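One structure is given below, encoded as C-alpha cells.
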Amino acid sequence: MTHTKCTDPVVLEQWHPLISDRELADLGEFRTTLLERPLTIKHGARGIATVTADGPGASPKVLQQYGYVWASFGQDPNSLFPFPEFEEPDRRFVPTGVFGVNVSAGRAVENFLDMGHFPYVHTGILGEEPHTEVKEYDVEVSETRDEVVATRCRFYQPKAALASDEGADVEYTYRVPHPNCALLYKSSPADPSRRDVIYLFLQPMGEEWVRAHTGMCILDEDNTDESIRYFQQVIFGQDKPILENQHPKRLPLDPRAETPIRADKTAIAYRRWLSQKGLTYGVISVAA
Amino acid sequence: MTIDLSQWHPIASSSDLPLRHVYQAQLHGREFAVWRADDQYVNVWENRCLHRGVRLSVGLNDGKELKCLYHGWRYSNRSAGCTYIPAHPADAPARTICNRTYPGVEEKGLVWSAVDPAGDFELPEVLKGCDPLVLRPIPLNAAPGLALSRLADLKLEGGTSRQIASTGSYSHLAFDGLDLPELVLFVQPVDAHRCVLRGVLKAVPADPAGTLRQFNTALNRLRTLIEAAAAEAPAPEPIAVDFRPIDEELASMPEISRSGPKAELRVTVARKWETSEGVAAFRLEPLSGALPTFQPGAHIDVHLPNGMARQYSITNGPGEGGHYTIAVKREPDSRGGSECLHNAVQTGDVLAISAPRNNFPLRRDAVKVTLVAGGIGITPMLAMARALDAQGIAFELHYFAQSKAHLSFPELLNELGDSVVTHLGLNPAETSAKLNEILADYGFARHLYICGPGPMLEATRDVAAKQGWPDEAVHFEYFKNTQEIDDSSTFEVALARSAMTLQVPAGKTILEVLQENGIEAPSSCEQGACGTCLATVIEGEPDHQDVYLTPTEKAAGDKIITCVSRSKSNRLVLDI
Amino acid sequence: MKLYDYELSGNCYKIRLMLSILRVGYETQTIDFYPGAEHKSDWFLEINPLGQLPVIEDEGRVLRDAQAILTYLAVKHDNSSQWYPASEPARLGEVAQWLAFADGITGTASAARLHDGLFYDLDVEAARKGAHRLFRILDEHLWFAEQQGQDWICSGDHPTIADIACFPYVALSEEGGISRQDYPAIRRWMDRVKRIRGFVGMSGVFPASPAADGSAQTAA
C-alpha cells in the first residue's frame, strides 16, 4: 500500500462522504480517515456537523446533503450531483451500512455497475446460472450533467428484491455522477411507474482502502428497515472477497490493462471518463 | 540487488497440487495460480483473470478448465485460452484471449518455474539420479538473500551439519554423525521480504515420517533465526510488478479480419484409425509447442496434399489441448477431400491446418440442451456433449445412424452414459416420428443443436418449428450447401468502412471481389455453410443462398454470407 | 429450534453449517448486529448477558457460545457419534483442544476482520500477527495429517466439530488483511471442508469445484 498523501486536484475538489447524519446523531462524535488524513466529526446544535483534521493544515469544508456529512479539502469544491429522488416525500431513506473494503474506490464503483457477476457472486439472489446473458444496453456520458449513464440494462433475477419471489428480467438504470459515487435505479415492486434507488458512496481512506456507504431511497411499505439493511449487507458481503482479490487493487485506466467485453460498456465509459478528468488517485493512469 | 528472472526455482511440491485444487504461488513478486488438470498437466498462470484482475487462485479447477469466480469465464487446461464467456453465451470468445502462462516442470517431487526463462528447464546437477524425499516447505518473512546466507546454520540434534556447496539458489548440506541422506535446501524467492525454504533429501531415509518431523523442527528453528535477523532492519517494499498489456486488438474487440482459409499451423497425424464403418478418425498433434484453444463446435481448415482445403469439426472434450481429433467419412461422390484423407494421408504425415474457428458456438445459459446428430454430424455434437457433461448441464445426445457399426467414437459415447440415445436404421418416416417425440417438450431456456446430412437437418428444423421451438433456440451446422447457387446477377457493393465501391459481375462472388481488391475478408468453406465470411448489411436487400443463417436472420436482411449470397437490389452497402 | 443469527457473523455461520450438514431444520431470528447493535440491547442481554452471537433456543433451553452449540448439536443429532466422538477419549481430547484453538482464531483473525470491515477500534497489527502465528501451527498440523492420509484436523477418517469451528474465520481471513498464500495445507483442507456433503457457504465464502471422482460433495 502506498502512503503518499493525496495531491490529485480532481479528487481534492470533490465532496467525500464521511458518515450518515443519523449515525452521527447517535454517536455524537466520530473518528475516521479521508485521503489518508485522520478526522474528527462532531454532531453540534441543530444537527450541524463540524469536521476537524488532525495535525497541521486546514480542516476540510463541510456539506450536509442527502442524509450524509460530506467533506472536501478543495479550494472551491463542485456542487454535489443532483439526487432528486432523495427529496421525494413518500420515499423511505434507509442507509444500509458502512463497510471497510481493502480496494480502490474505482474498483468498487465498477463492481456496482456490473451485472455479469450476479449469477456467480450473488447466486440465487441477483442472478442464477444458467441465465447469464448480459443483453445489449446503452451507455452515454451525459454532456449536460457530466455523468456516465447506462440505460435499458436488463438481467434475469431469481429474487430481484425482498418484495419479489419469481424470476424475471429486471431493468436497471445506472448513474455515475461522481468519480466515487454511483446510483442504481430499478423498477419499484410497489409502484411500477417509479423506480427505487440504491446508492453506493465511497469514502477513499487511502488509495486502496475505502469506506463504502450503502443505502436505498425506496417506495416500500412492506419491509422493515432491518430487513432491507440485512438484504443489502448480504449482497455486499458477497462482493467483498471478490473486490479484495482484485489484482492490482487500483483501477487500471489503460484500455490494454484488462480485457473488456460488450457487457462492460459502462465500465469502459467510466474508465475513459476518469481518464479524461485527469484523475490519478486510486487509479493506474495510462502511461504517457 | 538485481534479480535474475531467467533462473528456474521450485515453486511448489508435487503434493501441493492435488486434483481439483488451485495453488497460490509467487516468484520475484509475480503471483501465480498453479493447478493440475485431470490429465496431470501442471498449469502455471499469472494469478489474474484477464477480464477484471480477480485472482485465479480463488477460482475453480474442474479438472479440465479453470473457472474465474467473478464472471464464470472458463480458461482451458494447457493453452490458458478463454473458452467461454457466460455474459455473451451466443458468442465464441476470440481465441486470443489467453492468460499469461509461465513454464511449469514437475521433477523430483517439485514443480519448477521461471519468470522469464532463457532456455528449457534443466534439473540442478546435485539432484540428478537421486530418489528424493521432499520436506515440508517453510515460508518465511525475510529477504531471499538473507535466507541463503544462513542456510548453513541448520542444526540437527546429535549431529553436525556441513555445507558441501552453496549457490545462488540452494545450499547442499550433509549431516555428520547422523544416518541421514544429504539435503539440498532451496530458497524460493517470493518477494523482496519473503521466501520459502524447500528442502529435498537426496534419498528416502529409513524412517521417512520421523525424518520429516526431525527436519521440520530444525527448519522451524532456522526460520526463527532468520526472521529474527530480518527483523533487525526495516522490511523492504514489495517488488513492483508490471502487468503485460493485453493484445491491442482485444482492447477494443474488433472483428477478426483475415482473408481466406488459413494454414498457420503444422500438425502430424499421430494416429489414424477406422472409428466406424467408412469413417476414419485422425489424431493431429503439433510438431512443436502447444495448439491454440478451441471451443465446442469449432472447426479447422485442413489443407490436403492434393491442394484442397476442407473443414472438419474438432471432437475434443474441454481441456484436451494436446491434440485435435477429427473424423472424415468416405464419400465416393465427394469433391476429393475425403478420398484423399482416407487413401493418401497416413500416420506420421504432416498437414497444414488453420487455427480453430467457431461459427457454431455452444450456449451454456440453458436449463437443458438437446443435441441431434446424423451420421458424421456426430463430430461437433461430441465436443458439445463432452463440454456439457463436464459442466454438469443437462443434455441429451440423439445419434441417428445406419447401424451399430456406423457409430463413431463408441468409447467416448460410453463415457457419456445415459445421456446418449442412439437411433439405428430408421427410415425417413421413422426418423421424423422419433424427432417429434424428442422435440415434444420445448421450454424456456432450452436449446437444440443439429448437425447431419441436409435432408435430416431440414426435417429436424421443420419438426422443431412445428413443436414451437423458436428460431433463436435452434442451432444447426450443414456439412455443405447442396442448394443450386444462382450467380447470374450483377450488382454494386459499397463498403462503408473502407470507403470503396466495387462491381460484382455474374459468375463471381462478393467474397472473391473483396479479396481481389485487397480487402481482408475471412472465409473457410466458400459454399455458404460455415458462416466464416459473414458481413453486416447496412443498406440494400440481400439475395440469400446460404444454409448458415436462420430464416429469422435472413428475413431481417441485416447479415449476408458473402461467399454465395448476392443482392436483389442494385446496390448493397456492407459494414466492411 | 431457533437460531439468533446474523449472516455476516462467522460464529453464526458455524451453526448454520453444522445444521445443514446434519440436515436439521430450524428457524432463525435475525439480530441487527450492525448497525443496530441489537446484540447489546437490553432484551438480548437477558438472553445472553455476554451480548454475543450465536444463541440457540431448543426445547426451552437457551444455549450460547458457538463451540458449545456445536457440541450440543453434534451429540443430539449425529447418531453415528462421528462429529463429536464422545466415547473415544483420545479423539475427544483432540476435539476439545482444537475447539479452544478455534477461539484463538476468533480472537485474532475475526478481530482483524472487524477492524478492517466494521472499523472496530483495536490493535489490528497485533491481531494479524496472532492469526499468522496460529495459521502456521494449523498448516503444519494439517500437512503432517496429510502425510498420514488424514484429511481432517482431528485423527480418524471423519471430520469433527473442530473442523467446523476452525473453518469460518480461516475462510474469512482475507477480509482482515490476512493472506493464506503461505498456508497451502490450510488451503487444501478448506477445499475438503467445502466438499463435505451438506456444506453451505455464507456471504464471502464460496463453494469448491466438484471432487475428482465426480461427486459434488464427499465424506460424511
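The chains carry the letters A, B and C, assigned in the order they are written, with residues numbered from 1 in each.
Keep this in mind: contacts are C-beta pairs under 8 Å (C-beta built on N, C-alpha and C of every residue); 3 or more make two chains touch, one makes a residue touch a chain.
The shown structure was predicted, so the numbers you read here are calculated from the model rather than taken from an experiment.
Which chain's mean C-alpha position is the greatest distance from chain C's?
That would be chain B.
Could you tell me which chain's Cα centre is nearest to the average position of every protein Cα atom shown?
Answer for the innermost chain: B.
Distance-wise, how many Å sit between the C-alpha centres of chain B and chain C, to the nearest whole number?
That gives a centre separation of 38 Å.
Roughly how far is chain A from chain C, centre to centre by C-alpha average, rounded to an integer in Å?
Each chain reduced to its C-alpha mean, chain A and chain C end up 32 Å apart.
Taking the mean of the CA coordinates per chain, how far is chain A from chain B in Å?
Each chain reduced to its C-alpha mean, chain A and chain B end up 37 Å apart.
Can you pull out the residues of chain B that are in contact with at least two other chains?
Residues 58, 69 of chain B each touch two or more of the other chains.
Which positions in chain A touch two or more other chains at once?
In chain A, the residues touching two or more other chains are 241, 245.
Return the residues of chain C touching two or more other chains; collapse runs of consecutive numbers into ranges.
Those would be 206.
If we count contacts the way the header does, which residues on chain A are in touch with chain C in the complex?
23, 32, 95, 97-102, 211, 226-227, 229-230, 233-238, 240-241, 244-245
Quick one: in the complex, what on chain C touches chain A?
Checking each residue of chain C against chain A gives 7-8, 30, 32, 34-36, 115-119, 174-175, 177, 202-206.
Using the touch rule from the top, collect the residues of chain B that touch chain A in their complex.
31, 47-48, 50-55, 58, 69-72, 85-90, 97, 243, 245-248, 250-253, 364-367, 393, 445
State the interface residues of chain B toward chain C in the complex, per the touch definition above.
Residues in contact with chain C: 12, 15-16, 18-21, 23-26, 38, 57-58, 60-63, 67, 69, 136-137, 139, 194, 196, 209, 212-213, 216, 220, 392.
Touching residues of chain A toward chain B in the complex: what are they?
Against chain B, the touching part of chain A is residues 110, 115-117, 119-121, 129-134, 241-242, 245-248, 252, 254-263.
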